[in-house]
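To start, I am sharing the structure in question, which I have written as structure tokens.
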């Protein structure tokens, strides 16, 4: 096989290539922010030598809204509607982490039923997000059909969310003290129907995408995250599990009702884009299974919200904590500091994309073909809004 | 137990066990690097979850929190370190973990902390390239005021405070409560 | 009006019919694709509206004369291809300017458009255009090999470079089609056509995700209108050409519709199922099996059929 | 390259032969789900304009604006939320915290506009929208309580023990209870208008939340110099309009007020309030050391007047001291307040009964202005045959005796009939209970119509007072024992008059009963005593329905003379008297120091 | 045109200036009525949306472009490049950094072009009304044709907005490009007020 002559590539100094754009050897292109191949509103500043990427710099900030500042001037309950906006495709994890941190700091125990409902909501969120991801991954490599199917089925999940929470995208469901509403009557049957549909669709996806010569050709060997990079880059979630590392917050530090569910780590070994895709596919199926388990194990009735202090005057004693959950990309957490007033002193949302989208992506992009940038980008599953918040 | 061991080498103060698997403590600025290296290399705290800075304006310090995680024991350490607010400088740890550089860029941008030697420190991470205000996460920066002065609002909003409105409507002549004065002009909002 | 004048008029009519047919076929295929994706898809008249709208844009900017010439070349290539291909075998009206060596001419025109486009698009100044052009030309070179081999094979087989004669030679029953007489050449050509039609897995040139749509990145308004017109005419021309060369041509429109649809479906069939290849994978692909098959076809024609 | 990997993808075509996913008419077939958070709707009749929705909205999307057709009343600010959809995020917190549950979200979600000036603002319920009648949509679920609807119960001496002594029955809130109760308040401020003294209730409740009792005391004294009194025996009209009370128990405003002032030791008031009283050289005389008089004295002192209070009895407090039994209103609390007034420089002249020990004319001549609030002291008669019987006692007298001689039985015997349904009647019942009497209460109407506070009624019942409602006294007959008396009473039927209005009790002639008691206490109301008005003042003073006519600053028809308290206002309670005093102080100030003021007669 | 009317491409280096147009956009009058009506019909039936997800709104565009709602049946499709697009969707809040890109992308689109805003944020700031980094109302920076409120507006709601947009285009009411040309100085002044490092051409076409 042809291997390019590395000597023509720029020297690396401090891990960065030295590039003289005026030499005419290099082309600089921007992937994004206006670019259909990019995940969300972000940009990659890519320097090419021919078709190969010699440097990629991630630019974020297009979605910066200053959440952490805004939360400093909002009361605890007022923070609740805004936190979910931090990561658009997975709002539930923000809600959960915020509520969990707040409940911990104000010593609130939430009822059993609320914990089940939260588990269900979080797992359904993962399912929805994974569906979107599978579609995106296929789409980024030109298989639009899978994208269409997956997003459609994700929309059926959005219908479930709408029924359950009253909102399609921003559910604003897990508020401090529990959840906002019980499951509507007949929800379980409808949910199972949706799950059956998704499973049927995923079966087709398995045949079409995962047993696909071109897909394998494109993704196998792409963006390999080596074992030692896991610690060094702080890689979490499926990206780490695709490398055979057993890490999952749901199992390591079980929250809500995950300790009562039956599931295991989903791992792969190759650690390339294909392995990650397989991992996520398996996790999608696992999510469906977990959703079913939750619905089956959940008690029929029960209080879904415990009394909190009057939200208009809710003050929390000084303290700090870090609440985390396993979102589709790995460890998602809220670090909250309170100072006895009715507003949080500092809230920090820790999203896995902070490391994945920037230092990891910049590293993985080097020496890949520019055509693979979109696929690589999607394969490490980044959401820019959780980087800049 | 491990903390006891650490205490022999480091000045560990303000230990607080927040929950079963999360402990916070403070070390002086100078010992931070050794602390991180010790925890990472000798105690398996290999995962850096995040670095966050808190503006403790009343104490005149920035409180940096480094959250380390041990995958073997599933325990986290939140390590605090106070640095002077006026002369906000901190050692750069970008050589320990790759993502540290990004966090340090963010801290530089949001709080104005300088990390000598950190790569690409001067590049804005989230803010617009032309941002000319103070570092926005500082407590003395008022985002609402900035927004009001900078961006266009849609006019035509009027708001009435129910208690003021009821006073005007129902008992305009009653001697006005002096509590406004007592509360330093604080009303409902 | 002399016979040439009439010919020109007939050809123009053919051109219009083929253009309309090309657009309709494009829309129909888009609908077929949509059906696979589980949706309704565009209305059949959508491509027409798109073209009208693009011609009706109020502003257009130029990046110099070459930029303007790009689409013109492209359209010329498309029209040029079509006007030398007999559309309906044996029809006086739809035989176009079929001449003795028209196959060579057609081959030339197929490339002419793309090269012209490449020249023009690179003037746009957008870095994606040259990247797209590089990919496009590389891919073209690659699929050109099996395609050329197939063409040469049938030229050897029928001992002629006249499309009309090739079609004539295939008349007389389904088994006399090249498809059955020299399947190797046909397979090689059809594989090349996959690359030519820009359906996945060979759509990297125009890929919206990998690079926003490649060479035409900067083309808009009437330029885009021209490109879209060309797309219809060129697609029709290609399909008719393939039909003529490998599937026995058509003696009337229903047969033409059926056959061209079937040929087009090959691309769609594959396109719906696969993601895209990277450019170098595309090249590797075409230079591997299709080329081998093409050579086999050629040898088959040379040593077996004759 | 496995062949399977090339063949398998063609499975994709299976989908082409199935039904498409597409909804071909999404615009008409997709209503929001049953609890969809769509556009707002508000039940204007139910809404009270408390503004809680506005306060909770983190987007500042809600404005409270006056609307046509809704008048400001004591329990309704007259404002309605106007929502800016350029801000709203449909989080429905406004719905969750809506104190009346009038606000809800419908399942409608489509609103677009091409108008450049369209601001996407509307007042739900007032500006008619297509979705107003959509029944589906988000409402607060039963079981989701973001507000605290349940009041902190106050501990009190159990009923079996409470009747054994005159020790204050209610312990007051503990610090924790007070904080929790204070946290229930939503800061709407509707109560301020309803309070006759317009106390800044939300602010002092906030002071409790913040634990700043000095500030709380300052806020209390800003409108009420008798918070310890009002914290115990106020009629707490404020609680009737409390917005939390619409769906739950109203905030215990009265108890919270008591809590603040209880936190300040009697001697510390001066330091806590830190007031400095100027002196403007003018003198005002005040007749009566009841709440009205004390309040006027305090606010006049604040304005710099030297004030002298003339009181006929030996201690200050008026009806608070002599009309309210000690288990409700301990005397040391009254002393705490009056002592502070003394510290403020108010001069008291006790045992100086105007009209007997000193004449009104003298006061009018010696002082720049005179304020009087002498209260209602003459009990109404029952208007029935035989009520002159010596064993028919006046309620006020019984209470007065109880005050003067707490340990000693004020000669009521062991079985007592109390007639009336007001607070005085309840006090008489419970005082009698404390003297080991067997108490029967007779009231003309139903319990729900009793003018007494519901707490009082509840506690009376708890202490074992036997209630006879719809019972009309017919006559009083002497009993065989001269120390006893017979009450003849009849059961009544509530009859709604033909022209509507309040149902009236009508005596049923066939249901007459006779009971024998040691005494009958009449407690059906009092009227004013105007006997100290003599000469020209008697002529000039205008009265109506037994009350003195005054202008809005409590100035009577005699310019120099101001009035307040029960004798001047229809509520006849302590807080109204305090409010009168405050108003009169301002009136006197306007009268004396602002000669240009048009509102005052000069 | 006098030199006074020319805004300098002052954000650019001298070398770069040559690459860009030096003239402001011009008002372009419509064609004779029947032709214009026909063109408007074509424009309304062929809406090319620029694929630029500027905010949360992008999340609800996905269902719209995919099978469930399939906006292709309404003649609406996504386009990857601004040059070929005719509809710009401001999908929610716009941070200053994004606004810069929005302006550039919008200016690169060829007229007639239409702008649709999604959600509350572009109307009056929405959730981020007090954020230091997001603008409050977009219509001071771009001419807006239709605003759809909601957070986020559902696909159905967006679709309803598009149906309305098509009606308006047919009626010839959408003339944003000309409006932009007419009030060019005002828009530019507003944009420059918040985009502090103006390192892009004033004329982007």
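Going in written order, the chains are labelled A, B, C, D and E, and every chain counts its residues from 1.
Note that a contact is a pair of C-beta atoms (placed from the backbone, for glycine too) under 8 Å apart; a residue touches a chain by one contact, two chains touch by 3 or more.
Fair warning: this is a prediction, and the values are worked out from it, not measured in the lab.
Asks: Which is the least count of steps on a path of touching chains running from chain C to chain D?
Replies: The distance in steps between these two chains is 1.
Asks: Any chains in contact with both chain B and chain C?
Replies: Touching chain B and chain C alike, sorted by label: A, D, E.
Asks: Quick one: most central chain, C-alpha centroids?
Replies: A
Asks: Considering only mean CA positions as chain centres, point out the chain farthest from chain E.
Replies: If we average the C-alpha coordinates per chain, D ends up farthest from chain E.
Asks: Work out the mean Cα position per chain and let me know which chain is farthest from chain B.
Replies: It is C whose centre lies farthest from that of chain B.
Asks: With centres defined as the mean C-alpha position, give me the chain A-chain C separation in Å.
Replies: Those two chain centres are 43 Å apart.
Asks: Suppose each chain is reduced to the average of its Cα coordinates; what separation in Å results between chain A and chain D?
Replies: 55
Asks: Could you state the distance in Å from the CA-based centre of chain C to that of chain E?
Replies: Roughly 36 Å, centre to centre.
Asks: What whole-number Å value describes the gap between the mean CA coordinates of chain A and chain B?
Replies: 24
Asks: Give me the residues of chain E that touch two or more other chains.
Replies: Counting only residues that touch two or more other chains, chain E contributes 51, 66-68, 70, 73, 80, 95, 97, 123-125, 127, 129-134, 137, 151, 154.
Asks: Quick one: which residues in chain A touch 2 or more of the other chains?
Replies: Those would be 35-36, 61, 64, 66, 69-70, 73, 81-82, 85, 145, 148-149, 152, 170, 208-209, 212-214.
Asks: Indicate the residues of chain D shared as contacts by at least two other chains.
Replies: Answer for chain D, listing residues that touch two or more other chains: 9, 11-12, 15, 20-22, 24, 32, 55, 58, 84, 86, 89-90, 119, 187.
Asks: Using the touch rule from the top of the page, what pairs of chains touch, sorted by label?
Replies: Pairs flagged as touching, ordered by label: A-B, A-C, A-D, A-E, B-D, B-E, C-D, C-E, D-E.
Asks: Where on chain A does chain B make contact in their complex?
Replies: Residues 14, 16, 60-61, 64, 66, 68-70, 72-73, 104, 231-234, 236, 247, 252-253, 319-322, 324, 331, 333, 335, 337, 345-346, 348, 350, 354-355, 358-360, 363, 387-389 of chain A touch chain B in their complex.
Asks: In the complex, go through chain C and note every residue touching chain D.
Replies: Within the complex, chain C touches chain D at residues 32, 34-40, 269, 272-274.
Asks: Mind listing the chain A positions that touch chain D in their complex?
Replies: 74-75, 77-82, 85, 145, 149, 152, 159, 162-163, 165-167, 170, 172, 175, 178, 180-182, 184, 204, 207-209, 211-214, 216, 303-305, 307-315
Asks: Which residues, counting only chain C, touch chain E once they are in their complex?
Replies: It is residues 34, 37-43, 46, 49-50, 52-53, 56-61, 125, 208, 212-213, 216-221, 224 of chain C that touch chain E.
Asks: For chain D, which residues are in contact with chain B within the complex?
Replies: My answer: residues 49-51, 54-55, 63-66, 72, 74, 77-79, 84, 86, 119, 121, 187-190, 192-193, 198-200, 202-203, 215, 218-219, 222-223, 299, 552-553, 579, 582-583, 585-586, 599.
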